[in-house]
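The first chain written gets the first letter, and so on, giving A, B, C and D; residue counts start at 1 in each chain.
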Amino acid sequence: MKMIRDVIRDTIDEEMARDDSVIMLGEDIVGGMGSPGGPEAIGGIWGTSGGLWAKYGSDRVIDTPISESAIIGAAAGASLTGKRAIAEIMFADFIGVCMDQIWNQVAKFRYMFGGKTKCPIVIRMPYGAGYNAAPQHSQSIHAMVTAMPGLKVVMPSTAADTKGLLAQAIRDDDPVIFLEHKALYGVKGEVPDGDYLIPFGHARQVTQGDDVTILATGMMVGFAEKAAAQLAQDGIGCDLLDLRTTSPLDEEAILDSVERTGRLLIVDESPPRCSFATDLSALVAQKAFSSLRAPIEMITGPHSPVPFARELETAYLPSPEKIVAAAVKAMSYRRG
Amino acid sequence: MQLSREALLQAYRQMKTIRMFEDRLHDEIALGEIAGFTHLYAGQEACAVGVCEHLDAQDFIISTHRGHGHCIAKGCDVVDMMKEIYGSSEGLCKGKSGSMHIADVTRGMLGANGIVGAGAPIAVGAGITAKGTGNVSIAFSGDGACNQGTTFEAMNMAVVLKLPVIFVFENNHYSEHTGESYAVGAESMTVRAAAFGMKAIKANGIDFFSVYEGMREVIDYCKAGNGPASIELDTERFFGHFEGDPQRYRGKGELDRLREERDCLKVFRTKVTEAKLLEGADLDRLDDEVTALIDRAVAESKTATRPTADHVLEDVYISY
Amino acid sequence: MKMIRDVIRDTIDEEMARDDSVIMLGEDIVGGMGSPGGPEAIGGIWGTSGGLWAKYGSDRVIDTPISESAIIGAAAGASLTGKRAIAEIMFADFIGVCMDQIWNQVAKFRYMFGGKTKCPIVIRMPYGAGYNAAPQHSQSIHAMVTAMPGLKVVMPSTAADTKGLLAQAIRDDDPVIFLEHKALYGVKGEVPDGDYLIPFGHARQVTQGDDVTILATGMMVGFAEKAAAQLAQDGIGCDLLDLRTTSPLDEEAILDSVERTGRLLIVDESPPRCSFATDLSALVAQKAFSSLRAPIEMITGPHSPVPFARELETAYLPSPEKIVAAAVKAMSYRRG
Amino acid sequence: MQLSREALLQAYRQMKTIRMFEDRLHDEIALGEIAGFTHLYAGQEACAVGVCEHLDAQDFIISTHRGHGHCIAKGCDVVDMMKEIYGSSEGLCKGKSGSMHIADVTRGMLGANGIVGAGAPIAVGAGITAKGTGNVSIAFSGDGACNQGTTFEAMNMAVVLKLPVIFVFENNHYSEHTGESYAVGAESMTVRAAAFGMKAIKANGIDFFSVYEGMREVIDYCKAGNGPASIELDTERFFGHFEGDPQRYRGKGELDRLREERDCLKVFRTKVTEAKLLEGADLDRLDDEVTALIDRAVAESKTATRPTADHVLEDVYISY
């Protein structure tokens, strides 16, 4: 059993040991640079890089000033020229100060350069609400990056998946956005030893059932699992898929499931408009229309920033209760 | 030192209010009473107050993630601030914002800000409003924030547009856990700011009088229509970067030494009493006053109304 | 008859004359600052600000360095403190270098500040493909900004709407993203004289029909109009709605129409994932499910950057032909 | 001037190739043969060539929206470049990129770039790769791009990480229609760059030899492990900002004067012939060679294979 934050550290460690071209950049990922306590007084504010600087040195574990555009740009330039850079953006919310480098540079290099180059970069971004971290430190940005052609987007929900998907991300030749839910860092799970890779675009079947399909990622998977357990007691069988990667997307698993259940719930942490939830809904409304027996229900945040106060943030977030209610609604739907 | 007795008392009251606000928050957070990320300002009081004692409600400031001191110094209601940090719907921002986004635009306080470097461009905009009115716009930034592209853009744009904007760099020598000497590649942020084409000076950020005098100089410069200026304040933070930070990046005994030798409140007290401008008893009285205020703020916050689910969608838009 | 670019200029002119607090910022919006030819040698590279500097002076028509974050930040700070700033970002594609100011600052001020302030800013952004302007100068960003709570998003398609919606945007107390399709600048149309405001959230009915609902915005409206004319000849009646604003959205008009037609085509210029097209699809799949008689069809760009070469860009974009084909497909659908 | 005869001929060939490439494009664009936005480099040839003649394929450069000159100087295939600009699938980037994104990473050319200021951070990354190898990484930027936050961040980060990165600022005195004196608030971009903590020099951007010598100085400095450097090149652009620009921001007669007095090709020819390093006939021979090359490039481009719809989704990913 290992905490997800340690899985991340250990996986990076293994990949850095395996391949000299892997480097890491970010703010305070060493910690203590230029301070009396000295380097690695800390080892990353998320505890995901402890010990790496001591092992691999300043040329491979690179602490940077607060300059997110330069962090992504530097990781991109290094990855274009032979490295495999892992960039850490301390909070996904900071994508706003470095989006051009992600969207117009990293995501488009290969296309713009006629397929003659690669940019094997991993951009790690802790994301998500649940910490009362207020509007600028609580956001989920997976829709924004999933919308960007040229990026792959990963959202692990378990310790084992974190290892398999992160190793895959680092070895992948395409740019990968690796989204780590802040609330999951402390969660523990079994992790396979040795080389362990999970290919992108393959959903994980969490629970099986024939009544309702539930799609979720990241922290929402646990919420949906709780809801599914409750629903099972009430005799409603849930087919819960943890999508693992939003781009590429396991369309097949989704469509197969909906064809079986005829009902779809989508659980998504971000606000509803132009979201990953709408993306999944549209997929099914176009490609599995004839199987649908009820309206597609989306359980998402509202169209508002993530508020600070505990009561407000709780009201903002999806919850097992809201999922259960939506499932009951879908089950009781009769075409009018 | 041409400050009146009232002005001196007011400066001390403000600094002490900030200190006690932060000390008390530190304790309450340790008790688990307060949610979210909180960055305490204790140690840097002479900066906020030395700057803001020059300002009135028509002058603008914009702050950082470490914003409580600036808010208090600019006149935000201390009780309402505390309620905000407790997440009450009676809070200054109705519990939507918490520590990191406290604002009161009616007092010219354009908000704490969770995005490092985001404030400086906004201060440039307030400078557009202030231009020609005799007022100024102040961007507070840290020694880490000064490396962010937005801060640089703001400095250049303020010079190009000759705006009355003052970039106040509070150099507390750390950005999170990283030493300033590592992250600022330049000889100093002041040398760098000067090269942008503005007046750029330094002051002693643990000495209220030094900050106050320095600010007078740059404010006069701005008001004379010369465009922006910057002032770097050498200061110290007494708590961790955020609450919970074990501060292993500090040197051995560093914090004890700072609290002993570089406490701006002690420095102020010594200066004004030695110069016989105020008596110790004057200051003690203010200490009591402030203690009562902070006690009341915390007590009221603990029982203040909590927000409810129907507030979530309020105030996203004025009309929609 | 007036070209849309002139409508924009004239509307700004009228609003600046009407209200002293209206100011304008952007790169080269005056043109010629600090050059031998002198100020207003140009008047904006899109021709949307000619003459305004001469009329309103440097304190209200503010030419800036190439610093988009500072442009938006400055417009935001001015708008928070009493002005109504109109910021021009020369190409919508440049949102990547100023997104934080739009997303985490402008959009959230009112919410974060407890509803006690306003930031009446208009951010004008020319967008869209069709000019062979290649991957970094051809994008449509409406999904990204529609997803952001706190912003209103406008996408006019006619000269008259441009006037009514821009005047509304400038007088609106909420932040507005005003998206101008580059290919429409030269399009002419009748424009009402005098004060003319179009409230946000009201779609324009372009054609009426009972067979298929078509939703479009911006340049796509003209494409859909052509398709509808062709389809009318083939006996297929199209209910074409120009949505005008994507946020707020005229849900009522959309749902009413789909309830009548039972078939929905969505025409959208951007890539498909997490897009405005999926947003509309999800709305209908959730709220008008029982009326749907065929899968919802989306005619969008593919999941790729906008390519440069003429043939590629043409293949990338939706077209009247593609819309016709999708309508025919929807009409011939039989639930299997 | 310690350049060999071969080196001089090569420098002239490169500059002339750029000039004729651009002059020809100007004509073809006027004929409506070429789609999209094209920014011509003519006038600045001494900059690209003076820089790149120091480099080999293991050194990196990154360019701007005005990239043709840098591409040619760094060794990109001229015919393939022309085909790209014509949008052929035989183009260097298969017709996906056009003028604004031409790249050839195998030659260390990391791309023209349509986003002003985007290149400098990427050059920092190439500098991470170059560090310790004896190679360097070059970021070309304009006098407009030097005000972008990304450029500033890149400069500071390169200093902090002590990378062998050279910021080459081509000051052609205009960003689009705006004069450099307006948009750069600082005394000069060189003074500002120096204050970031790097060696910062100026050279005469219409004199190949001045650029070449200046570059030698900063390259030596970088290779000695001192960290980054910058060089500002005073230069001129001969065409509009983009093709179609009426250039009303120019002074009366300005363009004629520049073409007469500040043409880097004329300056080069005069210098090398007066110093008897080369004969006019040598250069004329190269002119003919280059004319033939450009003729061939255009002729081949006009008949080259066109891309088809099924190419749109190619090369978005390596595997998906």
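We take it that a residue touches a chain if its C-beta (ideal position, glycine included) is under 8 Å from a C-beta of that chain, and two chains touch if they have at least 3 such contacts.
If you're wondering where the values come from, they're calculated on a predicted model, not measured in any experiment.
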Q) So which chain is farthest from chain B, going by the mean of the CA atoms in each chain? A) D
Q) When the C-alpha atoms of chain B and chain D are each averaged to a single point, how far apart are the two points in Å? A) 45
Q. Hey, how far is the Cα centre of chain C from the one of chain D, in Å?
A. 35
**Q.** Gap in Å, rounded to a whole number, between the CA centres of chain C and chain B
**A.** 39
Q. When you check chain C against every other chain, which residues touch at least two of them?
A. 64-65, 67, 69-70, 93-94, 96-97, 100-101, 104, 108, 111-112, 134-136, 149-150, 302-305, 307
Q | Where chain D touches two or more other chains at once, by residue number | A | 95-97, 101, 113-115, 118, 147-150, 153, 156-157, 160, 182-185, 316
Q: With chains as vertices and touches as edges, which is it: line, ring, star, complete or other?
A: complete
(Q) Help me check something: in the complex, which residues belonging to chain C touch chain B? (A) 23, 59, 62, 64-65, 67, 69-83, 85, 100-101, 104-105, 108-118, 149-150, 152, 172-174, 201, 248
(Q) Per the contact definition, I'd like the list of chain D residues that touch chain A in the complex. (A) 60, 62, 84, 91-97, 101, 103-106, 110-111, 113-115, 118, 120-132, 137, 149-150, 153-154, 156-157, 160-161, 314-320
Q: Could you please specify the touching residues of chain D with respect to chain C in the complex?
A: 35-37, 87-89, 95-101, 113-118, 144-145, 147-150, 174-185, 247-252, 254, 306-309, 311-313, 316
Q. Along chain C, where are the residues that touch chain A in the complex?
A. 69, 93-97, 99-104, 107-108, 111-112, 134-136, 143-144, 146-150, 247, 270-271, 273-279, 281-287, 289-290, 292, 294-298, 302-305, 307, 335-336
Q.
For the complex, give me every residue of chain D touching chain B.
A. 147-150, 152-153, 155-160, 182-187, 191-192, 194-198
